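Quick one: structure below, then a few questions.
We just call them A, B, C and D in the order they show up, numbering each chain from 1.
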Amino acid sequence: MKNFIANTKVRGLALAAIAVFLIVAPLVSSPFMNYQLSLVAVYAVAILGLNIVMGYAGQVSLGQSAFLGLGAYVAAYGILNDWPIVLVFVLSCLIPALVGMLVALFAVRLRGIALAMVTISLPIIGVPLAKRFSEFTGGSQGTTVSWLDAPDWSGLASDQWRYYIVFAIAVVLFIFGRNLTKGRIGRAFGIVRTNEAVAMSMGISSYRYKVLAFTVASMFGGAAGFLYIGIVQYTSPETMSFHNSINMVVAMVIGGSASIIGTVLGAAYFVFLPAISGQIDPTQTALISGVVLLVILFLLPHGLVSLPRRLIQLIARARQKLNRAENAGPEDAGPAQNETGPVSAHTTTDVSESHPESPSKNT
Amino acid sequence: MVWGPALGMKQLHASGAPKEGQMRLSQRGRSRTAVGAAELTLKNVNLTFGGITVLEEVSLHVEAGQIFGLVGPNGAGKTSLFNCISGHYVPSSGSILLGDVETLGLAGDRLSLMGLARTFQHPALQLRLTVLENVVLGAHSSLPGGPLAWALRLPFTVRAERAAREEARALLERFGLGSVADSPADELSPGLHKTIELCRALISHPRVLLLDEPAAGLSHAEVEAFIASIGQVRADFDLTIVIVEHHMGLISAVTDRVLVLNNGRTLMEGTASEAQSDPRVVEAYLGREEPTDESA
Amino acid sequence: MAYFIQLIVEGLATGSIYGALALAIVLVNRSTGMINFAQGAMAVLATFVAYALTESGTPLLVAIVVAFVFAFLSGAVVERVIVRKFEGGDPDTAVVVTIGLLTLFTGIAAAFFGYEPHPFPSLFPAESIDILGVFISLRSLGTIIVLLLVMVLLQSLFRVTKMGLAMRAVADNPQSASLSGLPVSRLLMIGWGLAAGLGSIAGVLVAPQLFISPSMLDFALVYALAAAILGGLDSPFGAVIAAWTIGIVENLAGAYVSFIGDDLKIAVPFIMVMIVLAVRPQGLFGRKVVVRV
Amino acid sequence: MSLLELDNVGASYGAAPVLHGVSFSVEENDAAGILGANGAGKSTTLRAISGMVTTTGSIRFDGRDITGMRPDKIARLGIAHVPEGRGTLGDLSVRDNLRVGAFQQRDRKTVADDIEYCLDLFPNLRARIGSNASTLSGGEQQMLAIARGIMAKPRLILLDEASLGLAPSTAQNVYATIGRLRSEAGVSMVIVEQNAALAFRVVDHAIVLETGRISLQGPREKLMGMDEVRRAYLGG
């Protein structure tokens, strides 16, 4: 109990510190940095969606970039046609959600690999489709919108203004996402991932919850697309590309699947890795990314977010080993070898209390 | 031990039924037509898998509040029948009545709302979650609100969640697991996993509880503990119980009636002692006393 | 009519390339129960080895043999060093691991050869032959024959030989297989090696048409996956039939359905998979698995 | 020299130790039982012998130190482990399961004869010879797992909970066959069994494990006569 209180306190402090940092950061850093940080928020939303369907509900999705791209196209089209901005936002969430749901209604009947295959096709088909419908999408050239400039009263530069808008929306979406992964719905996702037979006996329809997870994921993808137009002000078929999808999955796993903080770490990785490796040699980004992912999978299977826990675990294990090495000698050479021996009273009682780990264990 | 190791009879009575004033989730959440033990009736159930007949014209009737055993040699179809009742298999024809509601043809995930709960032969817990979280999962059907309500954390979902957690904690206390409620499930022994699963089933306030081989993998002492407490569990939670089990000692100790299956067909229905003295059952199920060498 | 038959034969030829890759996917799935999303990227790297050799004057056939050996070894090493740790674990993690490999192998190829495409010599002469008024390119014919050979070899490996039996046993349950004395670790390495070798065959067959670049086989991978799934994942025969079907249908749809054209051809296998799986989730040739509770 | 010798063997899963200083030996053509409650370390002892857990101490088979050897190498030395539960290869036919068991045999004729022998031992399998193992009932799968072990012509069979999940009559049949196998083929055995009454039909001597340590060991008659054993394992 004490631990728990201490934990919430630490958490609260950490959250406050992060909030202060996020509010102050754009005021003191360069426009480029603000752009990059805003992109982290954009991709965090997209990866959160991916995490809901893949990390929490356990359904492989390799098509998230298609929904991001679709959301971006809807947003760009709406803005260019001067639709009310709230309507544009709602549509850039709902249209991808609808498409996602339609695909899911088919696809979630498939398991594992077939599902991966169907979802991987989405960006691969999305790109030529986007090129085809050039009156909406601007074809291969893409569409550019310029909007979301800072109003005069704010006294902010446009990069700062966009940063705040995007972050505010992202934070709200994150709160919704987090709520959804806890409680009734989150538990249902969890059991659908681990055991569908049990889910059924709990009154949970695996089919419906998988469709739900996909729909929510696509919706988050679409919302991220809207935010993307807010920051980048341009989109093209490339946004949808298969590699973008793959890289989002990679980033999600590196950050930590089924984890909210992991999602943010993953997004930061997604945005900053090309920026950093691009300064050395852009052709090496893929190589570095592959190596990082494999190293993470080997050393930290639950992603960067598990690094502190893993370190504590390793230290504890090392300590235990030390202790055992000190005590081992006498214990192991011990009494074990009674030849046809008389059974001591101790042995018989042990038979009836067979479980070494009795529930009276204190925590 | 399965049903709470340190639990003497005295404690059982003391912490028995849900306390006065403690909210029963099902009454707050989605409404259900009736609560309390229900009858279970199967009429002429047939089940085929890819052309192979697994069950043929099986009928049975379980009175409300009975403990009913499904027994038979391996491959006789007990588990298949059990899975038909729980909705995991869909019979090709027949009728399965829970109370007076036909459940055949309903989607499997609707049966929980109808008052049916089950355990699994190999406890299927989420090992990285806490014991409490595992139990609360069982309250899914009785919790109100859809994805939107929960995403927005509407106040009624917060209240319902809190009530469900309290009830889960009380259940774990009832079975002597209160002190480990917040430990990850994988820190507990396999025997205790069966108890956690039972709590997960009970929190949905079932009218009929299905137990799939509750004694499999337990030591003798644990089986004894199970036998000693099952009757009390039935009374406290107002249940009809159906058990599939190989352990003949357990079946004869706890059941009111049994159905003996052989090759997918009903061999006999009656009390356990009738079954054990029935020559057909002895031949099919127990085998000859001294098995002789088959080549001889 | 002649045009129609020509389309079919060309469809068969492209289908054969998807088929070779699909066979590799089936082989990996059989031996380790995994789906290797890096199958295409690994094949590309091996093809690059052949490319580098031909550039330095090595005869094409020798270069291809060396590429095959390189692919076999790299597949075996990848299995031993990286994949081994994730076998038998969470299948979703396994998917992510192979995605990591996909990124890694694409990265290696890009780091050495860059992203721009290079021309690659063909094993078959560029001429066509006239069979009853239908012009069929030797390249298409050669591709089809190579695939047929590979398929027959693979099917007999699994069905007839003891090693095939052992590989199936290991794919089914490695721990249990090891208790019967099967050298599990060696068999898994061989499985991955063979699959990578098959992939390299697909690579050298397709490179002359597409020009070689690190992402040359990305789309082919999707087709191959579609074929493997349609074929039922455990049936090499089924995978090849499905790959051919995809190749032919795609070619005909691209030519006769004006809306689809050349750019949306790729949607065809996707839609086929959707339709087939909606009706038969286990694929065209796969067996239905009864899940026991 | 004993066929199998365990000397001060310990084993652990991750951080949790499961076996402590277990020592016993099995002679040629000998059947030893391991009894004990759930979680006492019975299966782990077998897994230690067949190389499936990392162990401390020393395990010798036929005079050769096999501690830390890979499971498939140990199997090739002549130890067949029939694991608890599903030890069969579900996607393979019954015949292919048996062929996998005979992986070391080079002569096709011998393998065919051995398959015939197994089908005589377990007549139920004959009708299912072409079916996938996963379609077999629990009892048939158990028989197939044992038959696959026999196909390797082992000198030592490790049997883990051969009666688990079987109806009594099926379990009795399985044990009758095990007894027959021993008298006909002269195979040594280590048998882990929760149902001590069944185990005592076959074994010559047994050890009793409690929380990873040997609490008792001795010949069958002596153990059967002990009150503690009767109460705990023979049900009365």
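The rule is simple: a residue touches a chain if its C-beta (ideal position, glycine included) is under 8 Å from a C-beta of that chain, and two chains touch if they have at least 3 such contacts.
Every value quoted in this text rests on a predicted model; they were computed, and no experiment measured them.
Using the average of C-alpha coordinates as each chain's centre, A ends up farthest from chain D. Counting C-beta pairs in contact, the pair that comes out ahead of the other among B-D and A-B is A-B. Centroids built from CA atoms put chain C at 31 Å from chain A.
Averaging Cα coordinates per chain places chain A and chain B 37 Å apart. Chain centres here are Cα averages; for chain B and chain C they lie 48 Å apart.
Residues of chain C found to touch two or more other chains are 290, 293. Chain contacts: chain A has residues 197, 351-352, 354-356 touching two or more partner chains. The multi-chain contact residues of chain B, meaning those touching 2 or more other chains, are 88, 120, 189, 191, 219, 221-222. Residues of chain C that touch chain A in their complex: 35, 37, 82, 85-86, 91-93, 95-97, 99-108, 110-111, 114-115, 214-215, 218-219, 222, 225-226, 229, 233, 263-264, 266-267, 269-270, 273-274, 277-278, 281, 291, 293. Those residues of chain D whose C-beta lies close enough to touch chain C in the complex are 50, 52, 70-73, 75-76, 80-83, 87-92, 96, 99-101, 103-104, 134-135, 148, 151-152.
Listing the residues of chain B that touch chain D in their complex gives 72-76, 189-191, 213, 216-222, 246, 248-249, 284-288, 291-295.
Against chain A, the residues of chain B that register as touching in their complex are 1, 4-6, 86-88, 107-113, 117-118, 120, 124, 126, 129, 133, 136-138, 140-141, 143, 145, 147, 150-153, 157, 161, 176-177, 179-180, 182-183, 187-189, 191-192, 200, 204, 219, 221-222.
Considering their complex, residues 54, 58, 60, 62, 106-107, 109-114, 116-118, 120-121, 124-125, 128-129, 131-132, 197, 242-243, 246-247, 249-250, 253, 281, 283-291, 293-294, 297-298, 301 of chain A touch chain C.
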